Structures are given as structure tokens and as C-alpha cells.
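One chain, chain A, appears in both complexes that follow, with chain B as partner in the first and chain C in the second.
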Partner chain A sequence: IYLVAESKSAEPWPENATLYQQLKGEQILLSDNAASLAVQAFLQMCNLPIKVVCRANAEYMSPSGKVPFIHVGNQVISELGPIVQFVKAKGHSLSDGLGEVQKAEMKAYMELVNNMLLTAELYLQWCDEATVGEITHARYGSPYPWPLNHILAYQKQWEVKRKMKAIGWGKKTLDQLNATYVTPVSTFRPTELDALVFGHLYTILTTQLTNDELSEKVKNYSNLLAFCRRIEQHYFEDRGKGRLS
Partner chain B sequence: MAAPLELSCWAGGWGLPSVHSESLVVMAYAKFCGAPLKVNVIDNTWRGSRGDVPILTTEDNMVSQPAKILNFLRKQKYNADYELSAKQGADTLAYIALLEEKLLPAVLHTFWVESDNYFTVTKPWFASQIPFPLSLILPGRMSKGALNRILLTRGQPPLYHLREVEAQIYRDAKECLNLLSNRLGTSQFFFGDTPSTLDAYVFGFLAPLYKVRFPKVQLQEHLKQLSNLCRFCDDILSSYFRLSLGDG
Partner chain C sequence: MGTVHARSLEPLPSSGPDFGGLGEEAEFVEVEPETKQEILENKDVVVQHVHFDGLGRTKDDIIICEIGDVFKAKNLIEVMRKSHEAREKLLRLGIFRQVDVLIDTCQGDDALPNGLDVTFEVTELRRLTGSYNTMVGNNEGSMVLGLKLPNLLGRAEKVTFQFSYGTKETSYGLSFFKPRPGNFERNFSVNLYKVTGQFPWSSLRETDRGMSAEYSFPIWKTSHTVKWEGVWRELGCLSRTASFAVRKESGHSLKSSLSHAMVIDSRNSSILPRRGALLKVNQELAGYTGGDVSFIKEDFELQLNKQLIFDSVFSASLWGGMLVPIGDKPSSIADRFYLGGPTSVRGFSMHSIGPQSEGDYLGGEAYWAGGLHLYTPLPFRPGQGGFGELFRTHFFLNAGNLCNLNYGEGPKAHIRKLAECIRWSYGAGIVLRLGNIARLELNYCIPMGVQTGDRICDGVQFGAGIRFL
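Showing the complex of A and B:
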């Protein structure tokens, strides 16, 4: 979803482009962190500078209610999909060189990542009682005074549970997570798929949760670990941005 | 191999062995890998009320949901993906995810939410297959379930209203159909000359959309322009489901 002004593609990428997400230390949750990291990785891969700003109400500032969102010139765009399209309209694309079939595969794999990884993260965060009690609830409500902190957290949990039920994730399906997908796209240049996968995997590997099932599963795949390390080194360290915390 | 495998599913019509996508996926998969399925279509004597169809029953097991049923069949050595490489297996998962995210909402909408279609075609058909008074309840429940699924997975602020979601889901579905058509190209099946799980899924989702006669047909019209996808469905129907003999 994005609000578009009339002259959208004319202006070049401004120096003060900003990305908004929730507070890093105390508030942001696994799934939102992954989404934010994916967008950051994507923009790094396109060589477009972006400043990360943390706001407690980032979720409510976003036009679609999802984080992260970017503020570029006078436009606000949220979520990786629309951001990729917006960046493309400005003349930067990572996947232009792909053939039709490869583009189809890339889109399919992005859906798969969303389907499996994002859903597993959401399930872990909001439907695993131990995680909810010890981590999610407290983090989600942290910027707000009592009783708003509890109300908002319960409301969000109810929303996520409804969604899980609608798509059939009611019972624990983490075992079905099949992490043997191979990144099929061109090895010459990374694409938005790589950004998405990196965002999720890196976050899963580096976030401390009560339930380690997800990160243990990912750790079993050395090719995925190597992939994360490669992207981190190439796009986040080399640019003098310092390590991702 | 000894125990008979029975599949309960929705009946066919309009030239299809079943008009229900999920039932069709299982039936196609079974045909592809030669699993001997005894098909029991739901009719006026059906006593189950859960709407969980398709359901596979063996002597001591009851399995529902296409993914689980296919898994079960594979464990019984009915494996249509035997020849696929690891990458093709991963591709299968990816394309199935694409189908469920991008195509399914619009298919659900075409069948269950679009009022002209639902009231003139879908509801009467399903109601005619089940005994009274279930016929009064189940179609409505299935319709609400479909709407729910669409709104919960796609309707987010500011797209709370169905009309805006509709435009988006049909756009996504058309794009998905284009992607599938590109991927299939001129091949007979998605991975070469023999059909696999992915072919079963694509067939299951596309065939009802292709064949059922609806008043509101925008997605159907789009599909009909993709001739290789139509050819794909027709080929499977004529090779694996010889309907003219009244085969289930």
C-alpha cells in the first residue's frame, strides 16, 4: 500500500530517506524485525542510502499498519513488496536481468518464505504460550502505560490467532517447516528474494526466545548460515555501517 | 496396499470429476501415482457435517486436508515426485505457496463471495448434494469461511472493505495465472513429461475455475486467454479422468 504523489518517479533518491520501525531494544518483535531487516538489506543491495529511525508508534504511523515503512521525499510506502515496486519505478531493480521463468520462481519463493518463515515466527510469537507470556506480551506493550499495555497486547494476540485459524495453523505445525529451500535465482546479483530470506533467517538466528525450535532448525543448514554471513559481511559491514546488533 | 483407500469428496459437474478444488487435487494426485482410490461422493445419505472434505479413510486411519492426505499416500509408497530433484521439490513447495497466497483468495471469492455466482450457482449446487437440513446450513458456513479467510489474510487497514480487497485479490490472481503460464510454457507438465504434486495442485485450483459456468466471469475470462493452462487442464481430464464413462 502506498500513497503516491503525482510526480512519483521523477525525483532521484533523496539523501534523507528514512525507514521507520519500532524500538529496537525493548519493543520490536521477531517478525517485524525480520521484515525491517529485509527492507534494509534490499536497499543496501540497491545501493540506496537509508536512515533507520525507531518510534514506539511505528505500527500506527504506517499507512498499512505494517512495519517497516519508508519515508522518501513526500511519499510513505510500507512493506517489502510495495517498496520493491516503488524502488523499481525510480529506476533501481535487482531482478530486471531475470528471465520470465526465473521471475516467476522468485515470486513463488518469496511467497513460500512468507508462508513458512513469517507464519512460523508469528505463531511462535503469539500462539506459543511460553513465548507470549515471557517475551511478546511485555515487549509489545512496553511503550504504553497500564492498562493500555495489556489491552493492546491481548488485542494483537487475538488478531493473530484469528488469522492463524483462518489459514489452518491452529495446531502446532512448526515441524512442517521445511528449510531445505535453495535460493534459485541468479548467483551473480542478489535479488529481493535474498533480502527477504536474509531478513528472516538472520533475525531467527540472533533473537533470544524461550523456544529455540525455529533457530535450531535453521542452524542445521550450513548453506543457510553461510548465506547469512555472506550478506551480512558484504552489505552491512563493508559499508562501514558497523555490525547489525 | 491391501487395505482399501476410500476418499470422501464432493461430486463432479461441468465435465469435472469434482467441482471442489481440494478434492480435485487429491483425486488428480491419486491418478498420477496410481493409488487405487475408491471415491465416495457426498450425497443425500451423507451423515458427516464437518465440511472437512476431502477425507481419506483406510482401515485404521482418517486423514483430512490435501497436504496431509498426499503425505499419507507418499508414505504408502504412492509417490508422484519420485523423479524430482531437490530443487524441483523445493520449487513445488514454492509454487504451491504462490497458489495459496495469490490465486486461492480470488478463486474463493469467485465461488463463494461474489453474490451472483454464489446464489445462482455455488449455493444451489452444494445444497443439492447434501441432505436437508444440512443443505440449509453448510453452504452458508462454507461461504462465511471463505469470506473470513479472504478478509483476514488480505484485508488490512486501509483495505477493510471488501470492494478494495476484491480489486487487489483479482489483480494478484491474474498475475499468478500469468506466472503459471510462463512457467509451464509448452511443456506437458510442470516438470517434464510425467505429472507430479505441483501438477495436481495447479489442476485442482484451475480446473473448477475453467469449467464451472458462472455469471460473473472475470477471472475465468483471463484464464481462458492463457491457452497453455487450458490445454493443461483438458489434457489431464482426457488422459486421467475419462468422464464420458461416468467415472468418479
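Showing the complex of A and C:
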């Protein structure tokens, strides 16, 4: 969901463009961190400057209810898909060089990553009782006073569980999740798909969770590890911009 | 007015007041002392018994407290007066639908020659009363269901429940009220509620879920209320085009506050009073009993009324308030004051004065507003004595200011800021009184002192509400 006025797309990318996400240290969860990292990687790949601001109410500020969202000039756009569209309207695109077939493939892979990886992360965070009890619940409610911290965490958990049931994920185990992973091939010129995959894989590898099954499974794929390392080096360390925690 | 029956004690002089015999309705007549009445007045009587007919679930102790004075009456006129007062006290408990008083001579073995029996015939309210309404508002329809359980446990406790189910929002409220037996003005109540509001002037939507406990007590002529309130507030943008300043305030917060309110009201009516004054002072301290919102809030309301010649009334009112955030978190849009509108400074759009961002009004931390009014009967007095009495012509002068205060500059700077760029307006119109609760106004307004950013409503403005500047 995004707001783009035709006349605005002609304006250049401002210096003070800002990306909003939850608090890095104590609050943000695996899935949101992955989504935010994907957008940051994408903007780095496009060479567009972005400042990251952490706010406890970022999820509620977002027009679609999902993080991250960017505030560029007068506009507020949330989620990777609409942000890619918005950036394209301003004349920056990573996938211009691709043919129609490749573009369609890329879109399909992005859908897959969202359906598989993102859903796996959500399942792990909110439906695995051990993780919920030890990490998610406390982190999600951390900026709020008692009893609001518990109320909001339970409310979110109930909402995610309901969505999981609706798409038939209520009973899946991590084994089944991992069996359906597809390894995307990284191209010489990175696309938004690479940004998305990097965001998720890097977060999975670097976040300490109670249940390590997911990160262990990812570590088994050596080319995925190499891919993450390459993106991290090239777009985050080399440029001296944006540190990854 | 109710009916008071009394049987004559001995043959009356022919010019004395008429008392109907038993079984006939009789209007209560104020008895003026006349020389021929002395027979009645000077006759010593003793109230021997007070009976109650029709008590069901009501407990005895609260009744005894209300009618204690009746026993102290020394002559017939006093008995009638004290019985009438007792009847009023019983009605204000809110547990009886009807109270009739019957005064008779004492019968029976222990009857004194001047002994009287007073009987109160009461009809209790039903255990459960319900109401069902439908309301239509701005592009929204809703069903409102109300339930009331008066006199729940026999001591005038009351439970009310209201539920509103609408196309857009749902809200409800549950409240339990208990007065102290014998001292109705000392009472306490507990409330649970969920209320949603939409504020288009700020592009803001607010949902409050909360509970409160309050205790009211009188001190001399003033009425005090001490309250604790805990509210879970959820703020959100009303539309995609909300300004970023309002978007930044979206989310959840928890306010836990203690407040104290004092009211002195000597007016003869709360809507279009003719005389008397009102002073309300309210202070609220949030943050020390939990929650994540911390401030001290103070506001007051003053109104003076004076009747002039030709049935006209002059009224002056003054409102003001201040919000001081404690700690380094800025104040929340849900706690700030707003100014402007048909019930506030007329001639300006609803809550559309003061700090704003991209057309969304953000409210302010300090404000004052004042009004001078002259109410006169309608010209040429149509419908005099009847329907025309509900209307008044109205000439007014309103002024006010609202701003945020940059603390650290000292109180002189604050006062100076509130005195700069005052918004004011004048005009005339018609006021219609609705029962004893609300009023409607239709005014022609001329706003002045308009600052950039304010939204005005010059010309005809319509207002409906309970509390007007």
C-alpha cells in the first residue's frame, strides 16, 4: 500500500529520507528485522541514502501496519513491494536489465521467499511455545508498561495464529518448512529478490533464538552463506554506511 | 409535585384551606400563616408512627436515615413540611417510581390525643429496566442498548450498562454506583468502559478502554470528587492523508491518573440560568500510579449570571487550563486542550485554533477562553408563557487563546504568549433549551484576530451540546 502522486515522482530523492522500524536492541522481532534489512539492502544497492530511525510505535505508525516504512518528502510508503515500485517511479531500478521472462521468474521467487521464509519466521516467533515464552512475548511488549505489555503481546499472538490457521500452517513442523526451501541463484547484478533473500537469511543466521533449527538448516547451504557474506561486505561494510548489528 | 393527604383534626373555620377527605386527590397547598390558622399551627402534635407501604427489596436502614426528621416535627404544618422534604429525599435515591404521603391521626391503644401517623406509600422501581435506541450520525448508524438495575441490593445501589453497536465502531460502558446510607451525597462508583472517537479536525481516531473508581463527598456548599482512572489508549490516523506529526502519535499508551474535582454551583438551572454562579476546578496527576504517561493537568470553569431588567440575563464565563508534562517525554495529543467551535470560541471551526501541521490541529498545553453573553426573550415575545419560553435571543462576545508552552522560559513568558494573538469573535443568534440537559444554538458569527492556520466558520454556525462557553 503506498501513496504516490504522479507529479511527485519527478522530485529527486531527498537527503533526509528516513526508514522507521522498531527499537533494535530490545524490541524488534526476527521477521520485522528481516523485512527492514531487506529494504535497507535494496536502497543501498540502488545507491539511495537512507537514515534509520527506531521508534517503539513504528508498527502502528505504518499505513499498512507492517514495518519497515519510509518517509520520503511528504510520502509514507511501507513494505518492500510498494517501496520498489516507488523507487522505480523515481527512475531507479535494479531489474531494468532483465528480460520479461526473468522479471516474471524474479517476481515468482520473491513471492516464494515471502510465503516460505517469512511465514517460517512468523511461525517460529509466534507459534513455537518455547520461543514465544522466552523471547517473543517479552520483546514485543518491552516498551510498554504493565499490563499493556502482556495485552499487546497476547493480542498479536492471537492475530498471527489466526492467520497461520487460515493459510493452513497451524500444524507444520520446522522439518516440513525446511523441506520446501528453494535455493535462489544470485545473479551478478543484484536485484530486489537478492535484497529480500539477504534480509531474511542474514537475520536468521545472526539472531539468537531458543530454537536453532531454522538457522542450523540454513547453515547447511554453503552457497547461501557465501551469498550473505558477499552482500554484507559489498553493500554494508565497504561503503562505510549503515552498520549491521 | 406529589400529593399529601391529611385528615382534619377538628372542624375548620370556613375560610381555612380545604383538605380533601380520604380517598380524594388533593393538591399540596403552601399554607400561609393567617390569624385563623393559628389553631392548626399552635396545636402541638407528636408523630408517633411512620409506616411504609410497598417496600420490597429495599432495606430498612437507608429508609430510616431519610425520614428521621419527620419525628422531630412539633405541629401539623411542620409535619407536612418535613414529610414533603422526606418525600423529596426518598425520590432522589432513585429507587422509587412514586412516593405518596398520608398523614392521619393515631388509632389504637397507645394513641395519644395529639398523636399522628405518617404513612409513606411507595412503589419501587422494577428490578431491571431496559431501553433500546437507534442513532444515526456521520455516515454511521448504531444500535444503543441500555440496561439499568436500580436498587440492586436494597440500599440504592445502581448498576447501569450501555452498549452501542455501530457500523464503524462499538462502545460500551458498565457502571456500579453506591451511595452511603443516610448521606446520599457521599457516594462512590466504579466504571468500566470502551469508547471510540473520531476527530476529523486532527485526522485522529482514538479508542479508550478504561476503568475508573470515584468517590464524591460534599464539604459545606461544595461538592468534591476524587477519582482514579486507568485508560489504555489507542491512537491512529483517520485517513491516509494524515500529517506526519499525527502519524507519529499513533500507537498505544497507558494512562493511570489520580484526579480531584471541586464544584460549587449556585445557579438555578444548568441550561440558561437566570442567576447564580458556577465554579469548577479540576486537577489531574498522571504517571505516579503506573502507566507511561506523566503529567499534571489543571483546568477550571467559571460562570456568573445576573438577571437584568426586561427579563434579560447577563452572563460571563471564563475557562482555562494548563498541561505540564513531567519528565522528558512530550505531551500526547490525547491529553492536550483544544479551542474553537460552536460550543467554544464561536466563529471558528470545531477545535481549529492553534498549533497545527498540514491542516491537522494538534491541540495545545495551555489555553484560556472567555465569553460575555446577553440573553433576552425573543423579540415581540411569540408563544409567551408556552413554547416561546424555550427560546432566547443571544448576543455574545467570545475570546480565547491556545498555545504550547516552552517551559524554562519562566511564567512571565508564558503569560505573554497567551496574551499575544488573541482570537475573538462577536455575533448574535437564537438559543433553544432542550429539557434541562442540552441546548441548541444558531448564531451569526464574525471571527476576528484570526491567525494563519486557524480555520474559521464565519456567518451562520449551528451548535448543539451540554457545555457552552
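We take it that the second predicted complex is superposed on the first by the 231 of 245 C-alpha atoms of A that agree within 3 Å, B and C clash if a C-alpha of one lies under 4 Å from a C-alpha of the other, contacts with A are read in each partner's own complex, and residues count from 1 in each chain.
Everything below uses one rule, namely that a residue touches a chain if its C-beta (ideal position, glycine included) is under 8 Å from a C-beta of that chain, and two chains touch if they have at least 3 such contacts.
Fair warning: this is a prediction, and the values are worked out from it, not measured in the lab.
*Asks:* Looking at the overlay on chain A, is there a clash between chain B and chain C, or do the two fit?
*Replies:* The answer is fit.
*Asks:* Which partner does A:L112 contact after superposing on A: first (chain B), second (chain C), both, neither?
*Replies:* first
*Asks:* Looking at A:V76, would you say it contacts chain B, chain C, both, or neither? Reply first, second, both or neither.
*Replies:* second
*Asks:* Quick check on the superposed pair: does A:A166 touch chain B, chain C, both, or neither? Answer first, second, both or neither.
*Replies:* A:A166: touches chain B, not chain C.
*Asks:* Taking the superposition as given, does A:L98 touch the first partner, chain B, the second, chain C, both, or neither?
*Replies:* Touch partners of A:L98: none, neither chain B nor chain C.
*Asks:* First (chain B), second (chain C), both or neither: which does A:P63 touch?
*Replies:* both
*Asks:* Determine, under the contact definition given at the top, whether A:W146 touches first (chain B), second (chain C), both, or neither.
*Replies:* In the superposition, A:W146 contacts chain C only.
*Asks:* Looking only at contacts as defined up top, I'd like to know whether chain B or chain C touches more of chain A.
*Replies:* Of chain B and chain C, the partner in contact with more residues of chain A is B.
*Asks:* For A:C54, is the partner it touches chain B (first), chain C (second), both, or none of the two (neither)?
*Replies:* In the superposed model, A:C54 contacts neither chain B nor chain C.
*Asks:* By how many Å are the closest C-alpha atoms of chain B and chain C apart after the superposition?
*Replies:* Between chain B and chain C, the minimum C-alpha distance equals 8 Å.
*Asks:* Indicate the residue numbers of chain A shared between its chain B interface and its chain C interface, in ascending order.
*Replies:* 63
*Asks:* Along chain A, where are the residues that touch chain C in the complex?
*Replies:* Residues 3, 55-57, 59-61, 63, 71, 76, 144-146, 148, 151-152.
*Asks:* Which bits of chain B are touching chain A when the two form their complex?
*Replies:* 65, 86-87, 89-91, 93-95, 97-98, 100-102, 148-149, 152-153, 156-159, 179-180, 182-183, 185
*Asks:* In the complex formed with chain A, which residues of chain C make contact?
*Replies:* Chain C reaches chain A through residues 232, 235-237, 240-241, 244, 247-248, 250-254, 290-292.
*Asks:* Please output the residues of chain A touching chain B within their complex, sorted ascending.
*Replies:* So the residues of chain A touching chain B come out as 1, 63-66, 100-101, 103-105, 107-109, 111-112, 114-116, 162-163, 166-168, 178, 180-182, 184.
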